[in-house]
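The structure under discussion appears below in the form of structure tokens.
First chain written, first letter: the chains are A, B, C, D and E, and each begins at residue 1.
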Amino acid sequence: MDIATIIGLLGGTALVLSAIVMGGSATMFFNVPGLLIVAGGTLATCFIKFSMEDVINTMKVAMKAFMAKMDSPDKIIEEMISFAKIAKKNGMLALEKEKPNDVFCAKAVRYLADGYDEGIIEDMLNKDIRLTIKRHIVGQKIFKGMGASAPAFGMIGTLIGLVQMLASMDNPASIGPSMAVALLTTLYGALIANLICIPLADKLSLRSEQEQMNKSIIVEAAIGINRGLPPMILEDSLKIYLLPKNRQKPEPGEKEEEEN
Amino acid sequence: MDIATIIGLLGGTALVLSAIVMGGSATMFFNVPGLLIVAGGTLATCFIKFSMEDVINTMKVAMKAFMAKMDSPDKIIEEMISFAKIAKKNGMLALEKEKPNDVFCAKAVRYLADGYDEGIIEDMLNKDIRLTIKRHIVGQKIFKGMGASAPAFGMIGTLIGLVQMLASMDNPASIGPSMAVALLTTLYGALIANLICIPLADKLSLRSEQEQMNKSIIVEAAIGINRGLPPMILEDSLKIYLLPKNRQKPEPGEKEEEEN
Amino acid sequence: MDIATIIGLLGGTALVLSAIVMGGSATMFFNVPGLLIVAGGTLATCFIKFSMEDVINTMKVAMKAFMAKMDSPDKIIEEMISFAKIAKKNGMLALEKEKPNDVFCAKAVRYLADGYDEGIIEDMLNKDIRLTIKRHIVGQKIFKGMGASAPAFGMIGTLIGLVQMLASMDNPASIGPSMAVALLTTLYGALIANLICIPLADKLSLRSEQEQMNKSIIVEAAIGINRGLPPMILEDSLKIYLLPKNRQKPEPGEKEEEEN
Amino acid sequence: MDIATIIGLLGGTALVLSAIVMGGSATMFFNVPGLLIVAGGTLATCFIKFSMEDVINTMKVAMKAFMAKMDSPDKIIEEMISFAKIAKKNGMLALEKEKPNDVFCAKAVRYLADGYDEGIIEDMLNKDIRLTIKRHIVGQKIFKGMGASAPAFGMIGTLIGLVQMLASMDNPASIGPSMAVALLTTLYGALIANLICIPLADKLSLRSEQEQMNKSIIVEAAIGINRGLPPMILEDSLKIYLLPKNRQKPEPGEKEEEEN
Amino acid sequence: MDIATIIGLLGGTALVLSAIVMGGSATMFFNVPGLLIVAGGTLATCFIKFSMEDVINTMKVAMKAFMAKMDSPDKIIEEMISFAKIAKKNGMLALEKEKPNDVFCAKAVRYLADGYDEGIIEDMLNKDIRLTIKRHIVGQKIFKGMGASAPAFGMIGTLIGLVQMLASMDNPASIGPSMAVALLTTLYGALIANLICIPLADKLSLRSEQEQMNKSIIVEAAIGINRGLPPMILEDSLKIYLLPKNRQKPEPGEKEEEEN
């Protein structure tokens, strides 16, 4: 699983917990009805907003996004260049024996080996990218939607608590504790949104962009191979996708530090 | 009707009601003038923002969106492939006898059978999609507009209540209950917006996107049939619209788990 | 005038007034200095943001938008089809005698009769649409700008009142009424923005979209007439602009209820 | 200078001042440290966000935007039509003697007289427009950025004041005045943002759009002249930029009141 | 380092500190647990949202953005014009000996000297620009993300403090100081966001735009050189990138003050 995500989630939770414990009794921060209304309300709106299939699918995709290790762009470039060399040396048909691990890459290689037209290769691969992004966006929308609903239900819970407290304000001594309980749902909503939902939505979006870039490299390489571009020029062109410091074989006089 | 929407609406309402009942008397949460100002004000702005025809139309469209079952993309792809095979075997004219259930699909098939130009087929079907989306967007705007007005009128109701309470602050004992009543409209506004209007607007948008994808598949298939694309290649191209795991006949070496 | 707008404005105002009256004395909700600072401040920023000419023009356009009755799309389609039939039967020049009521339509017909090139007709009519939309957007911006300024000046008024109250807090009995007065400007700001300005901005935007669609129908029809498209095919193509249920002569097997 | 801006700024300030004076002592609304933290903090962030050169440039551009009188579109159209007539009568070279006041117009005329290609004329003039807009956008961003920072520093000032007040709450009598002072920074922030920065940013944006439209007219006219378009047709095409009521020579049967 | 950024950061901090010191004891504004929860929580969400590699890379890029001095556009234009003259006089191959300092410029010159096709030069340089911008946007997103998280964790800290205070409200005398401490985290969050994170994100965005413009000048010049455009015309075209007052050799009759 993605280490930064774990560190962030655990670290953030630990910080909040320590702030709670340092202030004395931690049990008063635990309120089941409050948790139910915030988490339950957020989940309920999630079901109204999306189809059950989407929610379940998203959870799977999200899990995968945090668990799976994505290929680094330079590994992909290296692999594509090796295919370009094979195609140059032994012809397109020789690519038939290549079985890249990545499904998308395998599809691109198969199209090349099958001798599809450049237009069709480009269209079908780009459509694949476009539709993958669409599915990713649904996943991000679910997390963003929960990040918007949680504070709202936190406020709803607090309003319910305040109304109950104000309506029966006989004993001034009970005002403090009642209000403390009422505020808890706002706290729950803020934590669910800001520590979990919104950051995870952003992580999914970042992952989606990385995957999209990896696939773009494959598409560009496939088109270059199909056109019979010399592997060296193809490599030059693909290396632009890398950070300047990761582009091997710098030209003489090139000062890497200046680019970013 | 869409099950997830029902579960969400009922579940969310049940959660809020239980939080209210658990806190004691539930009757104090029921305030007719407060409900009137929030629901009435929201409806009033809705009439100013939109034409009466739009509001009524939207309600119908929204009902349909929650009741009607949409065809799944793979059923549509299957049907279009069968048309492609018929056209390939017996010529375009043979499509005249096909009567697909879906209006949009029927229109596409009729255009094919009538021998329209590819450009005209594409233009007219895409215009249909574009204008359907426009109508859907009006529906989403109405629900989003109500989701923005409800909290505003909740605040307006609370402000009116606060001014009345503060102006006649003779009896300190009555401050609590008066303020409780004043806060109720804010609660109503938050519930109407966050439990009903905003989630329904999002659901409509999701439904609209699904319908748009279904229609895009039909357009792409119709163009492919018109061009005489081999049904197998057409199927390959249309299957990209499906989730990776739903694409039948995976290529050897393809690892479905890696795509999303 | 547009009936829905009147119903909404009157209904919303009546609701707010009844909520005020039901709570007792209504006079305390009327505060001239508070009204002056909110309405005056909103107007002042409106003058800084826009030119005087724009503000006056917008008021006129807004009045017209609420008063004028817009042609329904099907009436426009009918008229354009009749022109197409005339052009088909008697040639383009015969259109010279046609004098449609709508200025934009008259212009399109004149271009056709004068035998302009298709490119020029399309360019000039589309430029007209584009620039009309630009003028409409200024109008919407003015109402939206007032909808954003009003709550801000409501808050400014409340802050001024609070500072005055807090600075001279000698008599605890006067705190309540002073604060009530201070809150009034916030209430005014919320009402001006949410009951008047924001809904009117949305209505103008809706009207602009309708007008834009009407003009698009005319442009498309004019190009079709110029190309000599058969009136029947042109009608088919224009009818897509209508709601499915308003498209006459449904194809056999077409189930209107399924489209939206 | 632009009259509406002056009226708005003075009127808004007068309204706020009268509201302050009417409430009694006005001196309590004047707090130097509070003003320093809001205005100073806003300026400090402005320096972090932009380069010093940008800030100074913007101030100059803003001054000019409020002082300079912009040519009205119909004057520009008239001038361009006169150039078109000269070019038609005496050839492009005759434009060499024309010296329009406007720099951009002079450049367009020079390109025409020098016999540049249509593509180059269009590219260079449009690049000029695009880069001018970019510079204007930096100016708007500066004012918008200050409009966002001012309320934030207002809140920061109030928080500092509240913490100081709450930490030394020995004398209940001093709570009111201390809190009044603490609230002043929020008031300052709201006034700086809503009465000055945001409206000025909007005015700059409006001015930028007007200038852009003026320049678009010149580009379109220059291209038309280069193509040898008849001055009458060119005039017809340029007049679309004007408000319907300002377009001279209305066609018979044209009802101006209906367009907007 | 960028002077305006330093002035802004130091000036803003000094203003806030002086406001704190002027109010009496400054130590009460220093609260380690509060700082930990705001800064720590912000950092934790930052780790969830982005990959560790991105965060570290961004810090480096940000440092460079503030330290490095960017070439001014007119220096770049001058250099490119000198290359154009060399190419005109001695042929493209003569460019091989030129070693511009800027990496991007060096790459463009090398492509020219190597005799690449115009299409390839344009594609590869523009891809470089596009991908550099993408990397910059990740950097801006990190700062903007922290600017959004900091106030949220400030509020979370205050909520925790309020709940603890309200739950144990035995001693009224301790309410003030407890609440002061609770408010501190909100103050920390507002300062981190508004004085540091948001302004730095804006500065990075401005820098990115400047770099992008510099690179666009180089691309345009490279294409012009490749096409053999006369250096004078190329200079004319590139000078449009400069502020009007910085464009040398003004045409007679040109009034610079009128453009902006």
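Basically, a contact is a pair of C-beta atoms (placed from the backbone, for glycine too) under 8 Å apart; a residue touches a chain by one contact, two chains touch by 3 or more.
The structure displayed is predicted, hence computed values, not measured ones.
Residues touching across the chain D-chain E interface largely differ between the two copies, under half of the numbers being common to both.
It takes 145 degrees of rotation, in steps of 5, to superpose the Cα atoms of chain A onto those of chain D. Annotation: 40 Å between the Cα-based centres of chain C and chain E. If you average the Cα atoms of chain A and of chain E, the two centres end up 24 Å apart. Across the complex, chain D meets chain E through its residues 33, 36-37, 40-41, 43-52, 54-55, 57, 60-61, 64-65, 68, 99, 101-104, 106-107, 110, 123-124, 127-128, 131-132, 135-136, 138, 141, 145, 148-149, 152-153, 155-157, 159-169.
Of all residues in chain C, only 2-5, 7-9, 11-12, 15-16, 18-20, 22-25, 28-29, 175-177, 179-180, 183-184, 186-187, 190-191, 193-195, 198-200, 202-203, 206, 236-237, 240-241, 243-244, 251, 253-260 touch chain B in the complex they form.
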